[in-house]
Structures are given as structure tokens and as C-alpha cells.
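The structures come next, written out as C-alpha cells.
One chain, chain A, appears in both complexes that follow, with chain B as partner in the first and chain C in the second.
Take a look at the complex of A and B:
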């Protein structure tokens, strides 16, 4: 039986239906306390059925890609639909669209054994331990391979496959009774070409800074937010505001801001899974709608919202190909594939070099406690470093609270280096420097 | 199913030379509903079934998971080979603390299991809760999530452990956004249980109570003022006390993390005033309650801090051996796709004898923090907790609400500043992420910190 026949089978029950099958294989090793402690191979197939009958939605999820079981799941979804109430706002599932050319896939990733990462991890650990007073507290290295098929009764039928490899290390410095915060660094690529040496070098640099503890003041200062820090802050305080669903519901602070400036011309933000550096190169979203490049902010000016099929149809606009499915609930929500923040002209080194007194922030604690409905945040900069006379002098901790829409206009420089982060799919992010940032020191 | 699992285990014992083999089978049916502003965006029935296999061979772990039962033998072979490959580079061989092998059936304590409740009733209850929230004019958007599960879990090991669980839970999460003028505010609320079934929503957390609580949090923020930044006396309610216990201190007492934390050198030492006791134990209604962990070890109550002294930490069998201690039942796995790791269950401060009024009466200026939205901590116990409900204390009285702020500090320093421990007790349900998710609860009495916590 062909997969398409499952759609025909489902049409006996539903006005329209969608079948999404995801097969994943991941192989990884785990690092604990200076050693590789375990290896893991996980395989999983999940099928999600979404059917609509008389505007009533029914969903079922099963842990298999087996066709007979999928038939049972279709019947179960139908039972659920019968129990649901009609959604009068429901229009229809997506129609077929034209996809861009998929990226070439590295098939080597599909079969690689965890043994490969045992060696990689061992290399990383021994490099890190060459330094005195270092503990490799944790880490992991591995590869994820995924295959998906999205079909619906309107003729959408798109299959994709691909994989990526990642490696991260968390180091803790212990010297003379002082324990540094856990400091991590990572690499993620669409091939096995991971740069372990660079991961270790970067993490070690930060641990060395962290041994030397400096006080921070309560003041207004220049603050450089490194990629991991800025991406976590924006992901929780700003990005949810780009959702079309929130526009419809009137809960986004960007509701009346299209074509208005929210920052300055240094800030350009796009979402494009097929960007050359993307590690999440999907040609279709989780509803089978073609993905595309969506410009969200261009030279500081807010350009518009992102949409999935449901909210777009409700608003009378087109889906921007930003539907994401939760395999836990089967629910679709609006999300990003690969956010790119455009790079600037100066190197991070120059940005640091130009600061007489200021701070460099590697990570934030508590970014996820930000309020996406108004942009308020109150986060702890940790790990963070004090910059004095153009040089990093030591580590510090401070609190930064405010509102993202007040912070963004004080952006004064963006670094020319960007990092690829395996964050909510993938993100490509430079370091961003802000002036007159109010901080509360410790 | 048990026969199939046992025969695979026996096959593996003959074929491979391993110190330890563990097979964990899970077959759970779930109902997941999401109600977003009048529409059920998720209305799902879910079947989750698969097997986790863990093998310890030559002193290293190999893990494999699969949902293809016909390929169980292959999965065991994979786990074995992975362990062998890892062992080649492992200097310190992993050993497990000895435990008694248990054979048991863990029955559910629920009065009404979720599978006995018709979906129509689940739908109606959510719709009613939404109605109660939306009856308030300032509520602009609501997102209600509900999930329940009923099923079984079977654990078999080559040491003779054979435990079968009747596995059930109910869980509900509310996110509400309010708006007044240009001011937007949001609040979250989470409840859940593994030992109370549908009765949770009938008896303990009826819709009226939940709605009242959510609306109070939203309004506190809409009317809230921005707090002064700085270090002031802080009185923390049970939910905030709980998140400090969990995030800032609890994680440090998970043996795999203790080893890299300041707790490592503090065991047996005084870390807090004598009136402070923090436990990790079975609590009535606790979301982390269970009889055995996922290594088949009975769950035991421990005191992380007892009368001010750092005493015990959470262990699995591997770390119990490493530390020369008794395992205490803290190895937990989210589901069959994960190996068990050291996790909290219910982390709480024990009550003492202060009344709330006595705690605040001599505070000229300070803050009362009631509920949080998100919290995070570092291995050095530096923590940050977003505050979603809080008030000013002025001249011994609770006055204006505050909005969108957070508290932070170094927990092992803040502990020393605890000047009063209340006689009341409250518990908050939640999910903890440590690479995998686990149901946990945390709580305690009201407590007062004279310094050590920064607000703003």
C-alpha cells in the first residue's frame, strides 16, 4: 500500500486530512567529569494525523510509521473529531505550493556510529585538561538524522531528509577554592566537520577570565551581548511578538508598528532556512507549505508578521511557511526555522578594544522569564566579563532589567563575525553592542 | 508483553557478557487538549509505546531505544556494542551500588483515573475555565493546556528486578494575557498530580480557584509599579521559596552536579541557620511522588539541609557507589527514549513557627514575592527568578503590587540570611528540564531573607 492510499482511506472519514510522519535517528555520546560516560542510539518514528470533519478537528499521534497502525490512528483521530466542537473560524488545510531546491544532504550523517564521537569527545577532553584547574563538567557530541513526509488531501506531498552534527563542552574552573560558573562552548554543522579544538579554545579563554572576579557597579554602561546571550534574550522578549496569531488576538506590542522603526539601521532580522549558514535547511514547514525568506526587520524598520496556515487564512493573508508542529501534542504553532541577524563591519575584538569601561556578556540567566507580551525582561548576566581600557579584565555578574523595545534603539554596533547556534532550529547571530544600558551590579 | 521482555532478557544474558542489563517498556495512552481563545487547536489521542535498553559492559554505559518491538534483540545488541566501544576509552570503570532486587506491582492511588473520564467532560471543564477567565474584561487572550496519561511501565533487570507500574497522571497549564490601556501583562498557572486523578479538578483545584488565582496574578501586574532595584528585606511565599529550593539548591544536590558545585566541599558543614531544613521527600499531592525509581530502587526521603547542616544528596546507583552512599531512588527517565538520570522529585523547605504577620511587621521597606515565571540557576548557585506576582512591604504592611521584575542572588549566601521560617506550607507543581523533562513539585512555608537577594 502506498502512503497516498492512506489519504484516500482517511477521506472516508474526514472532509480533509493531513498525515505527517517523522523518523529520527540520533547517535550521541555523553561526557561527565572528564570522561566519556555513555553512548546512545535512539530511533523513533512518530506519525501525526490531523483531520477535520464539519469544521471539527481531531488529532492522533502514534509512535510508529507502520501503515496498518496509521489506519487505526486515522480512525482514532476521527473519534476525537466527533467529540470536538466545531471551529467556526476553520477554513482549510494548505494547498500544494512550489518548493525551493533542497540543499544537498550529507548522507554520511545517516549511518555514523557513536564510536566516531567517542574519539571526538576524548580529543576535546584531553585538550581541555592540558590547562591547570579545569574540570570538564559535561558535554555531548552526536549526530541527528531526520526524515519526514507531509501529505494532505489537497495534494500536498513533500518528503525531506537531512542531518546535523554537534559537539559541546561545559568547563568549570576550580582553583584556590574558587569555582567558576559553568562555561560552555559548542559547534554545530551539517557535516561531521566539527572543530573541537576551537570549541575548547573558546571555552578555556572564558574560564581563564572567570577566575579573576571583578565587581560590577550599578550604572549605565556599554554592554556587548555575545551571540548566545542576545539570541536567548531576543527569542523570549522579542521574537514571539512577530507571530501573526498575536496580531489577530491583539497581544503583540508590534500591532501598529509595521513600517515603523523599532531600532536603528544597524538591525536587520530575517528568517530563512535556506540561508547559506543555516543548519536547519527545510524547504517545507510542518504543514507542507514552502518556506521562504521572510524579512522581519530591515534597517531597524519592522516589516511584518510571520504566519502559519490557520492564522493566515483567518487574517486573509498568505502563510509565510512558519508552521511548527509539536510532536508531544500534535499542535501547530508559529515559529522560526533559521533566524539571521545581519552582521556589521567591525570585529568583536575591535568592539571590545574601543570600550574604556563596559561589559561583555556571554550568557543570560532567566531570559525565558521575559514577558513576550510587552517586551519586559529582568535577567542576570552570567557569565559576564568586565572590560576596562579595551581589554577583558575578569568575570562579573550583574542584573539587566528593562524593555526590549527601549534597548533596541541603543544598539550602536554589530560584529562582523556571526555564530551558528542550534537554538530553536537554527540561528545565525553576531555580537551586538548597546550603549547606555542600565545595569544593577553585585 | 512481560513474557516477550523476559525472553529477550534471557537471550541477551546468554549472548553478551555484561555487568548489568535493564529493559524498560512503556505503553501509555494520552489525551492532549489545547484550548486557545475558544478553539481547540489540539485535540489529540496519543499512543506512546517503546522500549529503553541500558547495558553496563566493561564499566561503561550503552543505551538504545526503539519503538519497533520486533527488533528488540537488535536494540540490545546496539546498546551492548555502544557500551563496549565507550569502555575502551573509559579509565574509571562505572560500578553500581548493590541493591535488593524488588518484584512488585505499583498500583495507582487515583480515585478516578483519567481514562475513566469521558473526553466530553474534559472538554467542558476547560471551556468552563476559559469562560471564567474571559468573564474578566481585561483578559485578552487565554491558552489552556491539558494532558493526561494512563498506561503501564515495566522494568526488568538481569539482577531480578521486576516492577510493573500502573502509570497515570493529569496536568493542566494556563497562560493568560491581560490588557488595560496600553499595558499588557501575562501570568501562568500550573497544576498536576500523579496520585490524584480527575478528583484533582473536582476537589483540590476547581476551576473557580484556578481562575481566581490567575486573575489575581494578571491584575497585580497590570496595576503593578516597577520596583526599586537593590537589596531589601524579602519575604518569599511558598511558591518562590520552592523555586529557590529547586533551582538554586536542589540541582546542586543532584550527585552528578554536586561533584562540580560548591556543595561538594560543604557536606557535613553548616550552610544555613539552625531553623532551616530542606528536604527532598514524598509529599502529600507531590508531583514527583513514586514508590520506585527507574532503576528499581525504592524512593527514600532525604534531608539535603538538616537544621542548617548540609547532609544528604540525591543519588542513583552509579553515583551512590562513587560516593560510598546508599542509593535513594532519584534515577528518573522522561520516557522510553531516555536513560534515567538523577532528578529531583519534591524539593521543599520544612515549616517552623513564624506567623506571616510577625515576619513583615518590622519591615520598613521591602518586598513580598508570591509567584514566579521562569527560574534558572548556575552550578555556583547563582540564581534568577522572574517574579509574576509581588508586592511592596511598607511600614509592616503589604501595599502596592509590583510588575515584571526578578529576584537574583547566590543561594548559598542567601541561605545564611534566612531570618524567619513560617508555620504554613504550600506546594507548586511543575516540570523540570535537565535534557529531559520530569514532573516535580517544590514548596515550603513563607520565609524571610534579610539580604542576599537582589530585586529589580
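Take a look at the complex of A and C:
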């Protein structure tokens, strides 16, 4: 029996239905206290059925790709739909669309043993321990391989496969009675070609800075936000405001800001899974709608919202191919595949070099408690570093609270280096420098 | 091939080894916005291998109970162990022990279809919507069935099975332009005999209170902490301090407090998975060590620490049967099976009735950021209710920050009703009333 026949089977019950099958294989290792603490080989399959009968929805999930069990799940989704009330706002599942050419995938990622990462992790640990007073507090390395098939009764039928490799390391410095905060760095790629040496080198540099603890003042200063820091802040305080669902519900502060500037011409943000640096190169979203390059902010000007099928049809616009499915609940929500923040012209080194007195922030704590409905945030910059006379002088900690729409216009430079982050699919992010940032020292 | 033969196979590589196999079946539904949004049937198996060769440890994990794949995982664990440094503190895996009589399990829980919970959820939704101005914001209902087998090369060989059912509901009240915070209630049992009506009744009562918003002052007052609130606060601020690992590492404030009072004679805390109300009746911990009743605090007096095999042997004491395994990393840590806080003599109604001016707290936000190494906490009481002249008058929100070791001695009464919470296994918790609690009003 072919997979398509499951759609035919489901049409006996439903007006329209969708079957999404996801298969994952993860091979990875954990690092704890200078040792490789465990190696893992995990494989799973999840099938999500979404069926509609008379605008009544039924969704069922099973942990298998087995056809007979999928049939049972279709019947369960139908029983459920019958008991629910109709969703009068429901229009229809997506129609087929034209996909872009998929990226070539590295099949090596599909077969690799966790043993490969045991060796890689040992190499990283050894390199880090060559330095005096270093503890490898934690880390992980591995590969995630995924295959998906999205079909619906309107003829959508798209399968994809691909994988990526990642390596994280968290170091703590201990010297002369001083203990640094945990400092981490990472690499993520679409091949096994991970640069462990570079990860260790960058983390060690930050540990060195962190040994030298400096006080921060309550003041207004120039602050450079490194990729991990700026991406966590934007992910919670800004990006959710781009969701079309929030436009329909009236909960985005961007509702009346289309074609208005929210920053300045240094800021350009797109979402495009097929960008050359993307580590999440999907040609279809989780409803089978073709992905595309969506420009969100162009030279500071807000360009418009992103949509999945449901909210787009409710608003009378087109899905932008931004449906993401939760495999825990089966629910579809609007999200990103690969956010790219355009790079600038200066190197991070030059940005630091130009600052007489300011700060470099590696990470934020508490970004998740930001409120995207108004842009308010209150975060702790840690690890953060003091810049004095164009050089990093030591580590510090401070609070930054404010509003993202007040922060963004004070952007004065973007670094030419971008980092690839494995956040929400993936993100390509430079360092971003802001002036007159109000900070509260500790 | 019998499972025991896998141990023999592993002994070709290791001095000693452990094989732990976990199989789970979850049937459940999600509730969103007055509808049953999805139904799930999830089944998974995870096997964790832990082997030791010359004090070198190797741990590997696979998502299957398949014997041939387990053999491969044993070989991977061995390759890993060879590359690691010896853990000079390692003594040995546990020896066999004597288990208590297991509780009879309800086999119905093993076979139940998610459809059962679609009906249950619909019943709960209908009951809640009979009330004016109520939205069923969310919820979940289902059953978790688990089977485990823990074997090691010293002869430990213990298998267990069992399951529990649960039902949560989150209601929001919307009336005359007022919107209450999300109010939730729940039931959890070792059978399908869930009391949906009671869950709805309790949640509706709290929504009624929540419509009437009252200011809270900054003051010292009597505060009754309901089971969900007190258990979240103790779980983060106090319970981790009972861990023997923290004693060895010198990070528990209880290190020199054995046989000293940390509260008063109203407070007695035990951990016992076979307590009559327990919904986690395990006879063995995750290393196969027999569980038992551990008295942690008796009439206010701290009685001693809990241990897993590794830290107990390092300290020269016996494991108390408190090893818990993470199925994400395979790692063992010290944890609880079923914490029981002894009940008192008065009803919650009487406790409220005796208060002229005070507060009743249903839940805390931010309890997870408590510091168990010193007992400090800073939480937001929400939902919380104002008590005036012995009656609940309306809902309020306030901050409570302090130290758990300063709060516990001000305990002046414990309710005679206990609730069963599905926290960390399970917990049996009464409401607890404290006097002279410093709160910061909003």
C-alpha cells in the first residue's frame, strides 16, 4: 500500500485531511566534567493526522509511521472531530504549490555513529584541558537527521530529508580561588565538518576575560550584542510580533507599522530557509506550503507579517510558508525557518576597537520573559565584558531593561561576521552595536 | 535469547554493567479554547546501558528494547568507556536487595484508548461552559503506562509496571470586560476513576473569586499556601537540600542540621512510594535498589539525607533507594518518588475561617529560580486570594521573597485535607498556614 492510499482511506471519513509523517535519527554524546558521559542513538517516527468534516477538526498523533496504525489514528481523529463544535472560521487545507530546488544533502549525516562524536568530544576536552585552570563543565555534540512527508487530500505531497551536526562546549575557569561563570561556544553545520578547535579557542578567550572581574556602573553606554545575545533578545521581544495570528488577534505592536521604520537603515531581517548559510533548508513548511524568502524588515522599514494557512485564509492573504508543527500536540503555529540579519561592513574587532568605554555582551539571562505584545524586556547580561580604550578588559554583569522598539533605533553598526545559530530551525546573526543603552550595574 | 543473556554478553567487555529498559505508553488528549484539539497515542522504549571497566564508565542510550540493538549499544558504551579517564571515586554498582510487595496495578490503564479521554474532556468542557462567562483555555487528560526492567551483573533483576491517569483544566473568566488570570485544577489517580466534576467545581469557585480583584498591601500577614503552591516552593527551595550529593559537595545548608529543628512539630516530611495515596508506587529505584520509607523531617527535626548508589558508597553510607534516571542523558541523580507532607487536624475551611486578614495562595510563579543552596526564594503569588473576616473576598497578586529556613518555623497549622500532585513522581501535600509572612503588595 502506498502512502497516498492513506489519504484515500481518510477521505471516506473527512471532507479534507492531512497526513504528516516525521522520522528522526539523532546520534549524539553528552559531556560532563571533563568526560564523555553518555552516547545516544535515538530514532523515532511521529505521524500527525489532521482531518476536517463539516468544519469540525480532529487531530490525532501516533509515534509510528506504520500504515495500519495510521489508519487507526485516522479513525480516532474522525471520532474526535464528530464530538467537536465546528470552527466557523475554517476555510480549507492548503492547495499544492511550486517548490524551489532542494539543497543537496550530505548523506553521511544519516549513517554516522555516536562513536564519531565520542572522538570529537574527547578532542575538544583535551584541547580545552591543555590550558591551566579549565574545567569542561558540559557540552554536547551530535547529528540530527530528519525525513518528512506532508500529504493532503488537495494533492499536496512533498517529502524532504536532511540533517545537521552540532558541537557545544561549556567551560568554567578556576584559578587562584576564582571561578568564572560558565562560558560556552559552539559550531553547527550541514556536514560533519565541525570546527572543534575554533569552538575551544573562542571559549578559552572568553574564560580569560572572565577571570578578570570588573564592576559595571549604572549609566548610558555603547553596548555590542554578540549573535547569541541579540538573537535570544529578538526571538522573544521582537520576532513573535511578526506573526499574522497576532495581527488578527490585535496583540502585535506592529499592527499599524507596515512601511514604517522600526530601526534605521542598518537593520534588514529576512526569513529564508534556502539562504546559503542556513542549516534548516526546508522547501516546504509543515503544511506542505512552499517556503520562500520573506523580507521582514528592510533598511529599518517593517515590511509585513508572516502567515500559516489558517490565519492567512482568515485574513484573506496568502500563507508565507511559515507553518510550524509541534510534535507534542500536533498543533500548527506561525514560526521561522531561518532568520537572517543582514551583516554590516566592520569587523567585530573594529567595533570593539572604536569604543572608549562600553560593553560586549555574549549572552542574556531572562530573555524568555520578554513581552512581544509591547516589546518590553528585562534581561541580565551575563557573560558580559567591559570594553575600555578599544579593548576587552574583563568580565562583568549588568541588567538591561527597556523596550525593543526604543533600542532598535539606537543601532549604530552591524558586524561583517555572522554566526549560524541552531535556534528555531536556524538563524544567521551578526553582532549588533547600540549606543546610549541604559544599563544598571551590579 | 533471554534479557539476562544481555548481561552475560556485556560481561565480555565490562567488569560490571547495568541494563535498564523502559517502555511507556501514553494515551491522552489536549484541550484548547473549548475544544478537544488533539488526541495522542504514544509508545516508546528506551534502553540505557551503563558499564564500568577499570573504573572507566561508559553510558549509551538507544530508543528501543530490541536485543540486537542493545548488543550494539553495549559495544558503543564499551568504546566510550575505553576513551574516558577512570573515575577513582567509583566503587561498584548496587548488589541485590529485598523488595517490598508491589501494589496491585489496574491493567485497564494499559489498554485504554485516547477516545476515552476525548469523552472525558468533552464532559469537563460542557460542565465548565454551563457557567456564564467561562472559557476553557486549556487542559489535558490521559493515562501514562510504564514498564521497566533493571538488571545488573551483580544479580539485580527487577521489573515493574503500572500507570496513572490525570486530568487538568485551565479556565479563564470573562465577564463585563474583566478577564481573570488562568485558573487551573486537576485530578490524578491510579485508575480511570477521575473526578472531572470536582475538578470543574473547584476551578469555577476560584474563577468566581478571581473576578473580584483586591489590592494587596506591603505588610506582614497570615498566608495559607495551598498544595500546588507549597509543593512548588518546597520542591525548588528546600527538597534539593536533602540530597546526599549536595552533602558530599558541601552545597547544602542542612549539612550540620541533622537532628536539629528546621521548623516546628507541625512539620513532618517523608518520601515513600508505597504510601497509600502515592501515584508512583515503585518498589525499586532506577538502579534497582529497593525503595523504602525515608523520614526526612519528623516533627520539625531534620532526620538525614537521601542517597543513590554512587554518592552513598562515596560517603560510606547506604543508598536510600532514591536514584532517578534521566532518559534524555542516561544520567542518575538523587530524587524523590512520593513526598508526603503529614496532614494536620483542621480543615482548610476552618483555617480560612480563623483569619481576620490574610491571604490564600493557589500558585506561585518563579519558584524554579529559588536557590536550594541557601534557601532563598522570590516568588509571585498568583493566583492568590484575599481573606477578610474568615472569608475569601477576591483575588490579588503579591510578591513573597525570603528564605525557606526563616519561613518554615512560622508554620502555625496544616490542613487535614491532602492533595495528590503529579510532581516528580508524586506528592501528597496539605495546605500549610504561616504567620507573620512578609509580602510585597502590587
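Keep in mind that, in the parts below, the second predicted complex is superposed on the first by the 442 of 442 C-alpha atoms of A that agree within 3 Å, B and C clash if a C-alpha of one lies under 4 Å from a C-alpha of the other, contacts with A are read in each partner's own complex, and residues count from 1 in each chain.
Everything below uses one rule, namely that a residue touches a chain if its C-beta (ideal position, glycine included) is under 8 Å from a C-beta of that chain, and two chains touch if they have at least 3 such contacts.
Since this is a predicted model, take the numbers as computed values, not measurements.
Contacts of A:115 after superposition: both chain B and chain C are touched. By the touch criterion defined above, A:221 lies against neither chain B nor chain C after alignment on the C-alpha atoms of chain A. In the superposed model, A:40 makes contact with both chain B and chain C.
Contacts of A:365 after superposition: chain B is touched, whereas chain C is not reached. Of the two partner chains placed by the overlay, neither chain B nor chain C lies in contact with A:238. Applying the stated contact rule after C-alpha superposition, one finds that A:392 touches neither chain B nor chain C. Of the two partners, chain B and chain C, it is B that touches more residues of chain A.
When the two structures are aligned on the shared chain, A:77 is found in touch with chain B and with chain C.
On chain A, the surface touched by chain B in one complex and the surface touched by chain C in the other have residues 29, 32, 35-44, 57-64, 73, 76-77, 79-80, 83-85, 87, 113-115, 118-119, 122, 329-331 in common.
Across the complex, chain A is touched by residues 32, 34, 37, 39-50, 60-68, 78-79, 82-83, 85-86, 88-92, 94, 119-120, 123, 127, 140-141, 145, 147, 177, 179, 183-186, 229-230, 256, 259-262, 337, 339, 372-380, 382-387, 403-406, 408, 454, 456 of chain B.
Residues 29, 32-33, 35-45, 57-64, 73, 76-77, 79-81, 83-85, 87, 89, 113-115, 118-119, 122, 135, 137, 172, 179-182, 218, 246, 249-251, 253, 310, 326, 328-332, 365-366, 368-374, 376-380, 382, 397, 399, 401, 440, 442 of chain A are the ones that touch chain B when the two sit in their complex.
Remark: chain C residues 29-30, 32, 34-44, 57-64, 73, 76-77, 79-80, 83-85, 87, 113-115, 118-119, 122, 329-331 touch chain A in the complex.
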